[in-house]
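Each in structure tokens, the structures are laid out below.
In the two complexes that follow, subunit A is the common piece, with subunit B as its partner first and subunit C second.
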Partner chain A sequence: MNILLIILQTINLLVMPLLLLGVVRKVKALMQNRVGAPILQPFYDIAKLLRKSETISYNTSWIFIYAPRISLTTAVIAAVLIPWSGQLLPPAWAPATNFIFLLYLLSLGKFFVMLSALDAGSAFGGLGASREAVISILVEPSMVISLGALALAAGDMNMSAIYTHPINPIIAGLAAVALLIASLAELSRMPVDDPTTHLELTMVHEAMILENSGRNLAITEYASAIRMCIFWGLSAQTLLLMLPAYNAMPIMIKYLIGIGLMMIIGITVAFLEGILVRLKWRRVPNYLAFAGLFSLLAAMVAAVRM
Partner chain B sequence: MNFSTIDLLSAGAALLAVMMCGFSGLYSQLRSLAVQTAFLAGIAISIGMSSGATHYLVLAGVVLLIKSIGIPMFLAWSAKRLEIPRDAGVMLPPALSALFGVGLLVAGYFLSSQFAVPKMGNIGEAGMTMTLIFIGMMLMITRRLAISQVIGFLVLENGIFLYGLTQTHGMPMLVEMAAVFEVLMGVMIAGLVTYRISRTFEHVDVTHLRGLRH
Partner chain C sequence: MSIPDLSGGFAWLCGAALFSWLIATVIGFIQRRNPGPSLQFFLALGGLLLLISAISGGNWSVSLPLPFYLGDAGFNFVADPLARWFLGIIGLICIPTALFTPGYMHHLREHLSVGLVWSMIALLMISMTGVIIAGNALVFLVCWEVMALSSFALVAADHEHRAIRKAAFIYLGATRTGTAFLMGGFLWAHALTGTWTFADWHIFGTEAIGPALLIFIGLAVKAGCWPFHLWLPIAHPAAPAPVSAVMSGVMIKTAIYAMIRLFIVDEHIVAAFLGPLILILGSISAVWGILFALLQRDLKRLLAYSSVENIGIILMGIGIALLGRQWNVELIAQIGVAAALFHALNHAVFKSLLFMGTGAIDAGIHIRDIDKLGGLIRNMPWTVGAFIVGSVAICALPPLNGFAGEWLLYKGFFSLALLGPTVGIRLSALLLMGILALVGALVIACFVKAVGISMLGMPRSSAAENAKEATREMVIAQIFLAFLCVALGVTAPLFMSPLSVIVTRANQLPLLQNNWSIPVVAISIVIIAGIGLLTAWMIKLARKNPSRHFITWECGFGKLGPRTQYTGSSFSQPIARIFGAIYNYAVDITIKGKQRRHFPEKVSAEMNYEAYLETRIYLPLIHTIKRLSGNFLMRLQAGSIHQYFIHMALVLALLIWVGSR
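Right after this comes the complex of A and B.
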């Protein structure tokens, strides 16, 4: 890991989440025959929100102010440790890249966002937080089992080891499908939640952050953009595990391919959002059962074909 | 770590069977059934290619034409005529039934190694074919509508066909052909009976057929 890569990864972490968000929104607008906001619009939004002053309900406690910061901190730590843009960390970092620790670090940030939604005491916040909690409960097993299947196949719980180990392509493929299906729910994307809607009956993530404004909202939005990058980047890396040739490439080319595939996943998701409809709330568990199914199959193949 | 083409195709068929447990829409179930049967035809073709026996190719053609295209289209037509787009299952909702399907996959995999099959001429693994048989049975037991029970029967039949194809030397072609046409006749009769049920009772929900009156 040389100094150039460190600089590149820092710029990547600062720019890529919002850029990915902008690209997804632009593609979705084009799918709906709209011109859409410019690709850089999320940057302008964040800059605008950072300049604005905040309105804080006098019912709230310190949790409301600190929750977005905790969410951003956990997201940034996870983004440094999870190999979402190609494996960059040296093996000495191994104890910190345990996949269970990282998954629950991301859950911790989500937990505090939910707490802040409940803290404001508004009806929408409570509704959104309870829905988000249900989705988290449903998503968690398939995430843990699919990464666990990869860990079983690689013989190591650390992500830095999993993503450099040659893994049976069938296990990697099944785990990648499970991760993709689960990440759409985790990130409040289309088949589960519509990120553009502001109809109180349907929104999940938007309802949670309804009370946030100004700098608080900017931090929350940026943290959720980073989470989007992490999950899609991780799915892209898992897909790339199917190609044995990918591991042998020089690190710069691996890096570029990883980022490119993440962008392609984002564009594909936006394309699908243009033609799919949102699922009825009661059918969400059925949809997420497929993520669980694929992750269980990956675990079974990993257990049988050690 | 290496998989043969036959193993990959039968694993794909088993995966589709597990996914069929999770679908509640009749049309998506029928599409998966068609693709699954096409995989079986692909297995027959690859056996025919490697052994040089032409009757496997003929068999694959018949299976592709009748079981993979004809029967699903007929069932889709009957489903359209009966106006039943989806089936929510009786005891198991689709999501749980898909997870049970994974359990049956594991069970089939481990049970297949317990069987004392004569070790001659078996190509590929028996686990996937056992899975097809088990899942077919489960679909027949747990589905609500008569048409989805026919779909379960077809999955079961696919499993038996695949077992005969990969685990034995293969039956004579006449027997296999007869089985395919038998299935075609069975499905057509079942389709007609389903239509009669719906005409008589105004539904095809088999759980309501237990009482004498309703």
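Right after this comes the complex of A and C.
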């Protein structure tokens, strides 16, 4: 059972991020009355990028070369540790799943990606990095507060404990909404950033990685796909905390439900992206204020109901 | 509390360190113009001796024999675990400072007496050590004053510049004010207890409010806590870089030391209001400091504002600890003090590293303006590499040391939320976690700007283009500190036990050993292995399809210049807009030309912000004081002998009246 789970988890870790990306793109295309690229297109893209040679600007330094590698490594470590697919880690690993540690580990990758955006001396990179910094300023507090509320309800800062502990469904619901709203900004998705416009100037994440090409770009894209899985998976798990029955299920079924719900979140986001418009850049704080509001409500409930 | 009198070995080691610095002070006075390498040797030796005496353990207390006497109290020195922690910080930072200083002072040798700077640095070290080991209030005050004056002399070192003279005077004014409060508080405490010895102070209840408030304000001025931080971003950039490193890294920590000593560890003065007050002021300092750091164009000023932020973080730890003591939850108290102490050490390491990095750039090309630098990573790989390590550490990113301290603080807030007695406290603890996260994200933005704009990209000036790597000694000093950032981060679990001992009350057990749970070593190995594997794979792929070097993408418009890059001001503009209410932020854009919309001849943008505290509170206050002294006090001393006779007669009458009562 355990070995089966490890194999499943490894496949999941490798396949799921790009599959989710493919599904999101497909649903979005269908929403726009297009046939859209095949669901497996992200896999083809990555494979092609890995085969191509890469173009590096004269102005860059080692930061530009190493940033995607740091970003991917930290994302993979976080993906192994964060319970985004409902997996249960060996108990000895529990201390490593401290939520502050994992959020800061992801920030380490982001820090270097922002630096690499400035490394080539392109104004696009500067613009993207600056906006990315703003988004994380707005997002981090609500993420920490909502996860903190969950941790308070569970009495433990380790995610492996939080996500196996029966938690008041109100706290879980509010925290899940806060996490979802925040994750859309964090992942450069629709109301904040549109990854599909024709001009990089209007984007955040794509503007940052404009200079990356070839295998460097492949790693970067893969890292951001993993981050997508991490945050939506985490929201899915938080939503599932609302169902007390979920915790009692056998682990395989929990696993499949977790993956399934993450897919549903992805499809819902893609559906919403089909009918929403991107917010004006200056309105982004107003949108993220909702994440802050929900996390505050979760914190209040967690503080009252001891 | 009782300290075993082991005035043997380690006290002598500490004494030898002080003596070594004393020699350096004297030599510096003698060799004013051309100081020899002996100065560097004695300064480093002192640091090393102090570090050994701090690490190798052993509490001691020493009283100097009779001729050394301060009116009402003797020269008593005490070293307990808390004092040794700070002695360790002083010794640790002193060594790289001694290495770094000669290379840096080289470019200033024309217009200032380098030897005097050396001797003042040595005196600063002596006085800081004195503050830490002072056993009574009088010795503390004397050392505190020597520390203030020697650092004033250092800030004023390059006094040919008007701006530096002004900064030095502001610093002098602030430190005078602080000492006045501190002295008032000490006198009050003396009046209540009848003794100057710290160990005999036990002030509780309503009695404690007065002295606690005065002493706290006096210490807060020195620490640079909001709203008393005014002097810090002015004085620190004015001093030579190694001095800024010592001031920001170590000197302001002496105030933190005194707070922990008087209010928490030995509970000499216990006032209930201090915990919430320090927590609130600490969180305001953290947010305020980093928000202003983001807007700065001068690298050193940015770092100075970031010191305000870090002091705020340390104060948050102290605040948590005080609340824990108040409710007798020993775990919270221990975590809070441990977070404050560990962050004090970490901040000393990475802030001196960052100041030295800025100093290395400044010494080479005389530019500190972020928007005039750029591309330094090619010509100064070591300095910039160390600066990046320092930035990762100050952003509290794992696995470096900054993370360890901040994680303890998160842990403290979480324990507060878990064990807090009321809903309000539990909720505020969660919110404070959010504030800490906000500060963390702002710090990342600030240092992405500091590194990315000023050291990466294309050089924005010819000086930056032709920058040269600093001298070998300067580079070694920086690499040493960068190494410490990594080492302290990875070995953080080992510090929990000693930190726990510092905080533990006599009748309590240390609780912290099992509280550090993050497997930093394992994770660091995995990170390095992961990056290594990816690198190997990329190299393998590159063998088949080699990388090609080409210009940065310019949309087909022709070659990009340095001027088309993002600037520091544009980087921080969106953040400044969001927090605009705090800065009163405004951008004026003027476009000139006939058909100005489509064919502008000249476009200029000007960014303005206002530090409310400075312009709305301190400036009117200083103006009022100036006016009062000009209009009123000056009349008292008009140079007329008749008037002086009247004064004397009035004072005599007053004395007779007071005496006859």
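As a working rule, the second predicted complex is superposed on the first by the 301 of 306 C-alpha atoms of A that agree within 3 Å, B and C clash if a C-alpha of one lies under 4 Å from a C-alpha of the other, contacts with A are read in each partner's own complex, and residues count from 1 in each chain.
The rule we apply is simple: a contact is a pair of C-beta atoms (placed from the backbone, for glycine too) under 8 Å apart; a residue touches a chain by one contact, two chains touch by 3 or more.
These numbers were taken from a predicted model, which means no experiment stands behind them.
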Inquiry  = If we overlay the two complexes on their shared chain A, which of subunit B and subunit C does A:Ser71 touch? Say first, second, both or neither.
reply    = neither
Inquiry  = For A:Ser130, using the defined touch cut-off, is the partner it touches subunit B, subunit C, both, or neither? Pick first, second, both or neither.
reply    = second
Task = Could you look at A:Thr220 and tell me whether it touches subunit B, subunit C, both or neither (first, second, both, neither)?
result = neither
Ask   = Now for A:Ile170: first (subunit B), second (subunit C), both, or neither, which partner does it touch?
value = first
Inquiry  = Quick check for you: in the superposed arrangement, does A:Ser160 touch first (subunit B), second (subunit C), both or neither?
reply    = neither
Inquiry  = Quick check on the superposed pair: does A:Val304 touch subunit B, subunit C, both, or neither? Answer first, second, both or neither.
reply    = both
Query = Does subunit B (first) or subunit C (second) touch A:Ser235, or do both, or does neither?
reply = neither
Task = Give one of first, second, both or neither to describe whether A:Ser183 is in contact with subunit B, with subunit C, with both, or with none.
result = neither
Partner chain in contact with A:Pro285 - subunit B first, subunit C second, else both or neither = both
Ask   = More residues of subunit A are touched by which partner: subunit B or subunit C?
value = C
Ask   = Which positions of subunit A sit in both the subunit B and the subunit C interface?
value = 285, 296, 300, 304
Ask   = Can you name the residues of subunit A that touch subunit B in the complex?
value = 168, 170, 285-286, 288-290, 292-293, 296-297, 300, 304-305
Request  = Provide the residue numbers of subunit C that touch subunit A in the complex, in ascending order.
outcome  = 374-375, 377-378, 388, 392, 395-398, 403, 407, 410-411, 414, 417-418, 423, 426-427, 430-431, 433-438, 440-442, 444-445, 447-449, 451-453, 456-458, 517-519, 522-523, 526-527, 530-531, 534-535, 538, 541-542, 545-554, 560, 562, 564-566, 570-575, 577-578
Residue ranges of subunit A touching subunit C (in the complex, touch as defined) = 50-59, 61-63, 66, 69-70, 72-74, 76-77, 95-96, 98, 100-101, 103-105, 107-108, 110-111, 114-115, 117-127, 129-131, 133-134, 136-145, 148-149, 151-152, 155, 157-158, 210-211, 214-216, 219, 281-282, 285, 295-296, 299-300, 302-304, 306
Key: subunit B residues touching subunit A - in the complex, by the definition given at the top   = 1, 3, 11, 15, 18-19, 22, 24, 93-96, 98-99, 101-102, 105-106, 109
